[in-house]
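First chain written, first letter: the chains are A, B and C, and each begins at residue 1.
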Amino acid sequence: MTYIVVEDLKKNFVVKKKREKGKLFREKEKVKALKGVSFSVDKGELVGYIGPNGAGKSTTVKILSGILTPDGGSASVGGIVPWEERKTHVKNIGVVFGQRSQLWWDVPIIDSYNLLKDIYRIPQRDYEARLKELTEALCLDEFMKTPLRLLSLGQRMRAELCGSLLHRPELLFLDEPTIGLDAVSKLSLREFLKWENREYGTTIMLTTHDMEDIAALCSRVMVLGHGQKLFDGKLNELLEHYDTVRNVHIKYEGAVSDIKLPNGVISNQTEDGIELSYNPSEIPTSQLLSILQSAGNISELTLQPENTDHMIAAMYKELDL
Amino acid sequence: MDIFRLYIKSIGMLLKSHLQYTSSFIMQALAQLVMEGGEMMVVILIVDRFEGLKGWPGSNLYFFFGMMSVSFYLTEFFGRGITGNFPSMVRTGRLDTFLVRPRGVLTQVLCAGTDPRRITCIAVGTAALIMGSRLSGISWNLLKVLVLVESIAMSMLLILGLFMIEAVFSIFSVKSVELVNAITYGGRSACQYPIDIYPVPLRALFTVIAPFALTLHVPASWILDKPLYGWPMWTAFVMPLSGAAVFAIMTGVFHLALRHYRSTGS
Amino acid sequence: MSYFTVFKMRLRMELQYRGAMIGGILCQMFFGMILIALYRALYEGKPQSVPIENIATYVWLQQAFFRMMLASDNELVDKIRTGDISYDLCRPVNMYGFYYARIMAQKLMGSLMRAVPMLIMAALLPRGWRINFPASLPGFLLFIPALVLGLLCVCALENITIAFTMITLDPRGMQGLLNLLMLTLSGNILPLNLFPESWQKVITLFPYAQLLDAPIRLYTGEYLPADAMRIYAVQIFWVVVLIALGVSMWSANRKRMIVQGG
């Protein structure tokens, strides 16, 4: 069932340039943040939304959550146009901005939740049940009486998530939710999001710079750049094209004779052995291995695909982003 | 009613968090006391030296001062979201979080700020009001009390409306604090004295554009039994409503401006 | 970093905010008009020994140099609140001098760039509203050094305020209080020459009166050029005392912070 429909969405910003010498007023420049983006999302999907800074990710999310009014095109979420019927629309959505808080800084988080209950007009019984469930799933019980400002970053993000899900939104926007979190917090956050998506069929749209978030959570990924949609599909499909490089880490025992590497292999001698990277389609792996083997007595060897972050960087570069 | 409950609850919560920093709060409240006390002292010094002001005896001046002070600082106490915090709400993206909640933005902005330090200013204003009333020998009756309450309430709406000019500017990320201060704080400074002492352009400004003359001076003069310009009694009831009108107009402008809001930050 | 570099940097920053400056000028002009309108109305009922023209001149000079008195350095206040100030205090430079230069640059630029256009506008107003020419040429020549001494004085005062805020770590309360004392006792809210005569004898000796009140009275001729040396003496006395007090407070703070480990 199609839930979000976006067609040819456009948004411009007027940016004031730096004042030039001798001019009284600064010149204005029109920046196209979105140049006609279209996509649709089904109910219950978990979609990752990536792109370099300034690609228009946040702009899209802000339009879909009713914060910004677009300059052209159309969008609807569950049949509602976000910026036209803001109040009706936002009842059904939850938003978590990674770097800004929607809870109250100086008061215990339970007080914040109580106020959110009134703001969203959540019936008392629903509220209690939902709060119990969320605090358990997010392990928030012991912090309920602690003011937000005294929580760690990971705890704070969990508290924010709880706050944005109290009213059982059908759609959850997450803007860089794992930014600055430690490994344990990231993992548990991802687990929670999967659980919420499975249990309630909540549609989740996630913008992030962390490819592991996408790999762990999203069945579908959209790439945005220069205000345009560049890719829409499975992460694997996206990476196949860029997944060309293999990294080898090799350690020898004893003397090593001079290794004659074929052209195209990049090598780097480190204290802890040798790092190599090569492209299997150019140099067959078997050929490289036999060269390495003949050079000495191998004590350790690992062979890995390139890190996803590098692939994305390569992709951005190729697409000239 | 529902909105009112939400407001009370929000403000209650904010008060609680303000009071967590007790010593800082007391310090600032004292600073405010000295500040408003200083303003009051200036009026006393003026009365001491000049005795009266174009037909208004000193006792009346205290009354006007008290009316303005109470209205202005009640507004800052309860409307801090608009009178003080709004530009930073835009800057920090807090306005975004209001926009993704199913409540009016203005409601949420007002729910998000209170300035309890002003309590001491309100106290000074009340003292001036009582002092002015006693010295002027006002004979209070129910009608006069009603007009007083209406006048203060409408002046508060007017002041909120004027501060919303700044809010609208900051939505367009135009820095305008000083210009808007001219009309808000300038209005307070000018209109704590009776309006008819000023030359015509100033009078026009504070009657038509920022109608303190209508919300404050007309009813206050009627309470003092010296109707402004000799206007009839009904004007003391009807004219203050212009405060609500200004507020309503500015609310409309505010919402129009929100359509052009460009949320900053990534 | 030399004090001169700091000074130049702040100057350039001040120049950038032209929009805010125009807004500030218009606002200050408006406040000046309101005050003069009020005093004119008061004078209609009961003229005073000080002529209204002098009061108008007094108001304009106060408004024009308003920025000089206002606590100027928000960045610094933020530094105190967040505790970043401790890094500065541990630098090998004399931080009192560093901030003194910074504050002075800000005040000097902020007020000069506003004062010049404002005073020109104020001079074009009709009689009884406008700023008068100085009472005499010597009066004007003596006014300038007095203004400079006033600037030195106000910078020293602000450094003391900052030292206080470093102790209480609560900028708003302390600053609000000291700012208000300054506005009232320097004659910004009500010209000091309209205070009761008996008060004036004391108030004019306070440091706050040295900032603008003393220079303005030299300008309007209320203080005769012959009195100038006496006025300067009082001003210099306060500059020395306030700087000494500020330096000792800063070094006490520095010791305390180093002991606390920042």
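In the analysis below, a residue touches a chain if its C-beta (ideal position, glycine included) is under 8 Å from a C-beta of that chain, and two chains touch if they have at least 3 such contacts.
Every value quoted in this text rests on a predicted model; they were computed, and no experiment measured them.
Chemist: What are the mutual neighbours of chain A and chain C in this structure?
Modeler: Chains in contact with chain A as well as chain C: B.
Chemist: Could you name the chain whose Cα mean is nearest to the mean of all protein Cα atoms here?
Modeler: Given all protein C-alpha atoms shown, the central chain works out to be B.
Chemist: Going by average Cα coordinates, which chain is farthest removed from chain C?
Modeler: Relative to chain C, the chain with the farthest C-alpha centre is A.
Chemist: What is the distance, in whole Å, between the centres of chain A and chain C, each centre taken as the mean of its C-alpha atoms?
Modeler: Those two chain centres are 52 Å apart.
Chemist: Using mean CA coordinates as chain centres, what's the chain A-chain B distance in Å?
Modeler: For chain A versus chain B, the centre distance works out to 46 Å.
Chemist: Can you give the whole-Å distance between the Cα centres of chain B and chain C?
Modeler: Taking the mean C-alpha position of each chain, the two centres sit 29 Å apart.
Chemist: Would you mind writing out the residues of chain B in touch with chain C in their complex?
Modeler: Touching chain C: residues 23-24, 27-28, 30-32, 34-35, 38-39, 41-42, 45-46, 48-54, 175-179, 181-182, 186, 189-190, 193, 197-199, 202 of chain B.
Chemist: Which part of chain A faces chain B closely enough to touch in the complex?
Modeler: Contact set of chain A toward chain B: 13, 53-54, 58, 62, 65-69, 83, 86-88, 90-91, 93, 95, 97, 99-102, 104-107, 111, 114-115, 118-121, 147.
Chemist: In the complex of these two chains, what residues of chain C are touching chain B?
Modeler: Spelled out, the residues of chain C in touch with chain B are 19-20, 23-24, 26-27, 30-31, 33-35, 37-38, 41-42, 44-46, 48, 168, 170, 172-174, 176-177, 180-181, 183-184, 189-190, 194-196.
Chemist: Over in the complex, which chain B residues touch chain A? Could you list them?
Modeler: Against chain A, the touching part of chain B is residues 2, 5-6, 9-10, 13-14, 16-17, 20, 92-94, 96-97, 99-104, 108, 259-263, 265-266.
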